[in-house]
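Dropping the structures in below, format is structure tokens.
Below are two complexes that have chain A in common, paired first with chain B and then with chain C.
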Partner chain A sequence: MNAMNTVTPAPRIAEVKGLKVHFQSKQGRVHAVDGVDFDIRDGEMLGLVGETGCGKSVTGRCFLDLVPQPPADIAGGRVLFRPRGGKACPDCSGKGCETCGGTGAETLDLLNIPAKKMRQIRGEKIAMIFQDPGKALNPTLTIGAQLSEVFLQHKSHELLEAAGVGEGDRGWVAGSLRRQANQREGSFDRWARRFPPLKGPSRRLQKALDEKVAAALAETQIPNPRRVMTSYPHELSGGMRQRVMIAQSLACDPDLIIADEPTTALDVTIQARILDLIKMLQAKRRTSVLYISHDLSLVRKVCDRVAVMYAGRIAEVGTVSQVFTDPRHPYTQGLLNAVPRAGTRRGHLASIPGTVPELVDPPPACRFVDRCPKAMAQCRGADPQLLPVTEGHDVACFLEHPREDTAPETPRLETA
Partner chain B sequence: MQLRDYIIRRLIILPFLVFGVSVVVFTLTRIGGSPIGVYLSHEMSAAEVQQLEERFHLNEPLYVQYFYWARGALQGDFGYSGVASAPVSQVFWPKLAATLELSVVSAAVAVMLGLWLGVFAGVRRNRWQDHVTRVVAVSGASLPLFWFGIVLLIIFWANLGWFPVGRSDADIWASMPHPTGLYMLDSILAGSWRGFVDAVWHLILPAITLGFGAVAIITRMMRSALVEELQQEYVDAARAKGLPERLVLNRHARRNALVPTVTVIGLTIAFLMQGAIAAEIIFRWPGLGRWMASAVVRGDQATIMTYVLFTSVLFLFANLVVDIIYAKLDPRVRLGD
Partner chain C sequence: MMTMQNPMTEIATSKKAGDTLLSVRNLKKHFPIKDGVLQSTVGHVKAVDDVSFDIRRGETVGLVGESGCGKTTLSQCVAGLMEPTSGEVLFDTGRGGTLGPEDRIDRMSGKQKAKYRRNVQMVFQDNFASLNPRNLVVDIVGRPLRVHGEASGGLLTERVVELLEQVGLGRQHLYRYPHQFSGGQRQRISIARALALDPDLIVLDEPTSALDVSVQAQILNLLGDLQQQRHLAYLFVTHDLSVVRHMADRTVTMYLGRVVEHGPTETIFRDAQHPYTKALLAAKPDLDDDPDAPIATLEGTIPDPARPPKACRFHTRCPVATPDCGWEVDDIVRLLESDDTLFERLSGVSRKSELEAELAFETEEAACKLWEVLRSDRVPEAMREATEILDVKGSKLNVRFRDSDEIGLRALGSGHEAACVHAGRLS
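For the complex of A and B:
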């Protein structure tokens, strides 16, 4: 990085600013994500926790433009991404300007880039691990074929090199090999591949591809990768499938991985191993990870920082120790109390009263106000802003940051 | 189970199935009465009728009659068709060729057009293209074939005179040999461009009539299957790899949407065989369907039995082909379990 700022501990690889994703439904506009701000630092694992339906998955999918529009509508905000080892910001040539947020590094707004550029980022710069590997793998293609796609999509020049096709090579053989590497081959190419002069180089290309796939599988500690390559997803166990999924997402050594509840669909015994694997590979490659989960104890174990999300908003952000030892937002406090500990007596599981509010055209107010044990009058009528309480620890709550327009001493609301 | 073993096993079972079908068909047809009617005329005396009955073993018990029929069938003798005034085995191929030409052309066009339209509509779900396709598909599936055929006939033959009825122009047909019985193929073999154009010209209206319903069924199935596949997570996963939409659709979603559609395509074979009867009657197409229809009306039992036997074998093969394609498309399908 050209203009490494000495104040920030690590440069931010991604920043989400005021992200709003609304869904049009028959009842009205559902504000599923309504002004979310957080950043992901280089090489860190950020946990994004929240209840089901709080918008955490949608937020994660925004990084890869995987939110279907319609029904969704990205109503505002930016998702900024700075590829590692990236070029200098084209606007200021590395001096630091508004586009790059003063970092001088190339900064892309993932919500606002051409589809072609997005396709180059997908799988190569930002990859995704899906919740249920049984559903995220195509049941009718072999594991090898599915992993090959990533390499063919992003590393075709390396494969062509292995086949001995140079940049300037012309002629039908080079053209056919290029079609093979770029996944544009026709049936004639596939037929002609069985005979010389195409046979040799085509085989070398396939061999280089298979080696890459096998290496990627081996890295996730899959035994006998060559055999797994020829299997179909239904022939593998859940844990094995998730290893394949991880291998697939790590294939091109991405800068950022969006892990959307990667262990939720797995047996508890497998969960820990998959988690260790992700943690190990992340530490080895210094990849940044956005770890989306509803499991607090899991996030505490693996993440560096955590963002707590509630009803489409970030309630609290901070390092794991800040948030877990000194939770400031009543929602976070409630969540942490709800985690059963070894000392919890039988039948005494704590919960937060009430249910998540309907997000159809919500009024300006703290989303948690109806369930909050510490709700005040000023909690209604305005949205609390996410503001720092200590260095690196931000909370969106009027308890910490009273509204300036209302009197600080207001009688407490009666809550049921 | 290996695909090859499965095919062999099914082929071994096939004769037994055909035997079962033939017993049922024979019994049911004979319940309708004696087939002697085809051979009778008003001038015959009672003695002559009895002589006829004895000659065709119609005075014997039913199972003996079946035995005689089966022995003949195995030797290629399926009896005498009163409707065609010739042995069934002699008329069968030319009639079948006419029906084949009609149904193969309409099936091929229906499958290609149906799959294409289904993908076209499924990808553009809930856009106007999808709605237009749906209207066409719903009308195709709900218009009675005989009515649609007659409307086409009234407009394009009676009023506009753009298309002929029948299978061929008599002079052109007579001007060339017919080694295969398939008019289009014969005209190509004879090197007659006029003949080929004539064949296609005669084929268009009945093929549209017959194919419209099949297109509708395939389109609807393909569309809904594709819409469902496109909502699967592996489609998003494919996009997340950076694949262009072309590959997401062709390699992932469309291929998997074909799996349920293939079953429906197999069923349209039945639809076409049924439909061919009406289409052939309307357009005076000299095929199996029209022959069959007159045979039923006139109690021509030899023809009916041969027709039913043939269709059942056709179905058994169609199912086998569907199973094989099914297994090829979806590795989770385990044949023979």
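For the complex of A and C:
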């Protein structure tokens, strides 16, 4: 289960390189995400943990261009994505070059692709599970109608095939059906659908669509998918709504799922079942998952690797066993100690003193320096780099990687 | 420690630790379900149904359960924010002697009631909704002092500063609005407000579930320190079991409006007797458990609290249910509701009692189908065993279940009680 056991690392399905997302505010530029690097390997579950406001959700949303600009400003970096079964890299025709990172596979920079291309990727190649299913589902549409959209957007050719419309078919019947399958129907189409010759194929199309939706719901172990399809989100319980969200995200068998705190709004018992479900479906389809959460014990349970984020930067990344048994960054250590465990005396939890720093135009320094129990003079004046300590375990801390140029700069800063 | 001695503190500390401070006896809270043009009552949601427990001075009682089990309703009844349907809440207002009917919070005299009100305070889960966004911190924290005529003017401001300092804030925060604070700081303001009148009991309704783990640690430490200094009792309502294990002296587990298990926290975590408590404990991922162990899940959903299951309310989801756990006709109804194919052909149900019914179907085939299902492994083995009569006559299916007794809390020694037929027998 753990990535430790695999000797050769799986190919990287996604890479985030030096991602910077800034927000313009009255006080100044907020560096919400400030140089984040990590990669997601094929078929793994990568946990992204951190406190509120550390930029983990913004990072996740960058994959699907869901960060509104303005107020956000993507100041730099790349989010590379290699769809499974994609074409060969157009630059080097599969030999391996700079663009594709030597893999020879088609590589897309998600921050820099046309909106039309992004629409094709969203839902089909990369899907998202949101934190609050109550807000993410449209309250005015039935579950069936909402799930249909995914199929109409990405699988319309399959639906047309079921209705008996081939690629080259012309004529107004085929045209009308094509409009129905592509959500571009007009009022005439809707009226004409009631009479032959459109009635039969239109019904077949609808039936094929309903079957697909029911199958997607059934996969997430929803009892009675047909009844759920006709109900509205408010009629379902929280756990059931989250299942609908998961069904929606898995509908097109995506290569990568961004799960943004999918169980935070749920009870422990329901959380356990949702986690079980995600884990099972992920194992079955070998989907890669970016699991964003603030719950350390949960990430330890479900993920293969984990990246710890603090104030817009990655503090530590490694396999779950590396990070949880041998945390190297003082922030990771602090977080782990803050979790109440058996045997800690009441009132004696090791809390991290202070609060998360303001990220308005931060000076170059380790972001954790003001709260760090092991802070040194060299922690100020330069940004720590994410460098390996052991195979696959990277830490951004001067304790592990002392600065070479410490002497000249630090005394001046201390007096200032 | 405190710089200024509050007169209330001396009284509070002079009272003996371990005395019962608050007693909840057979408390019920039923909410009517209204329907139709005339808004007639068609049923009751039994949010809290016959709950009893005690809180002693200076101790923390943890109240755990899934959402919808009635823990928030119960805590609001304890805090006097809600009138119970029946049953009583007794509170020791320093009248002396053991708690009696005169200490019922709904029958107290005005003076006693005022004492109760100032000695029971509440901290709410959503600290954004529970702090008035148009009030300054000095008004929010100072209001209880002003209402009870404790202080005014400059003295009031000084008392507020003192309270803020106790929770780790300071004078610079006096003239700010709630939105200018972070979640953890707002929760500190809520705690400062609750502390203002130096209460004996604070009801904490999920005080840390909206907070990050490092901030949660700060708040839990603060609560622990305050408890030591001021000899406070807490009723700690939460669904986070690791927090309960850390904070609570005793734990009460609720399921569907009933207490299913209560006892010393350590005993509950080491040796839980009720399968529901066990399931809750297993479902929570912990930093100390084996990461490769499969996640233990609990099947099924919480039944409708308007018609809770008979006897043990957990039997519909229980992995170790027995024929004596209270199987009834409603269990068949629940099965039918979860499966449309069986439900379609049903034309009527005539119920003779909770245990006996005649289900009429449109066709004989449909009746036979349900008969088969009720004898297959789609229903729990215990339910099959509890079925006394199950036969098909034409298109009608007759069914009768074995009668079973109510399952009350059973004492297991050292204050540990569980409501389960297996209690004390299984480990």
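Before moving on, here are some points about what is shown:
Operating definition for what follows: the second predicted complex is superposed on the first by the 398 of 416 C-alpha atoms of A that agree within 3 Å, B and C clash if a C-alpha of one lies under 4 Å from a C-alpha of the other, contacts with A are read in each partner's own complex, and residues count from 1 in each chain.
Following the convention adopted for this analysis, a residue touches a chain if its C-beta (ideal position, glycine included) is under 8 Å from a C-beta of that chain, and two chains touch if they have at least 3 such contacts.
Note that the structure is predicted; figures quoted are calculated from it, not measured.
Steric overlap between chain B and chain C is absent once the structures are superposed on chain A; the two fit side by side. By the touch criterion defined above, A:Arg273 lies against chain C but remains apart from chain B after alignment on the C-alpha atoms of chain A. Once the two complexes are laid over each other on the shared chain, residue contacts for A:His234 go to chain B alone; chain C is not touched. For chain A, the partner that touches more of its residues is C, with chain B and chain C as the two candidates. When the two complexes are overlaid on their common chain A, residue A:Ser297 makes contact with chain C while staying clear of chain B. Once the two complexes are overlaid on the shared chain, A:Arg122 sits against chain B while remaining clear of chain C.
When the two structures are aligned on the shared chain, A:Pro139 is found in touch with chain B, with no touch to chain C. Contacts of A:Arg226 after superposition on the shared chain: chain C is touched, whereas chain B is not. Measuring only between alpha carbons, the smallest separation of chain B from chain C in this overlay is 7 Å. Put simply, chain A touches chain C in their complex at residues 1-2, 51-52, 223-224, 226-227, 237-239, 267-273, 275-276, 279, 294-298, 300-302, 320-321, 324, 334-336, 338-342, 344, 346-352, 355. Interface residues of chain B, counted against chain A in their complex, comprise 232-234, 236-244, 247, 251-252, 255-256, 259, 329-332. Put simply, chain C touches chain A in their complex at residues 66-67, 182-184, 212-218, 220-221, 223-225, 227-228, 239-243, 245-247, 269, 279-280, 282-288, 291-292, 294-298, 301, 338-340. Contacts from chain A toward chain B in the complex involve residues 61, 64, 66, 119-124, 127-128, 130, 132, 135-141, 149-150, 153-154, 183, 232, 234, 245, 248.
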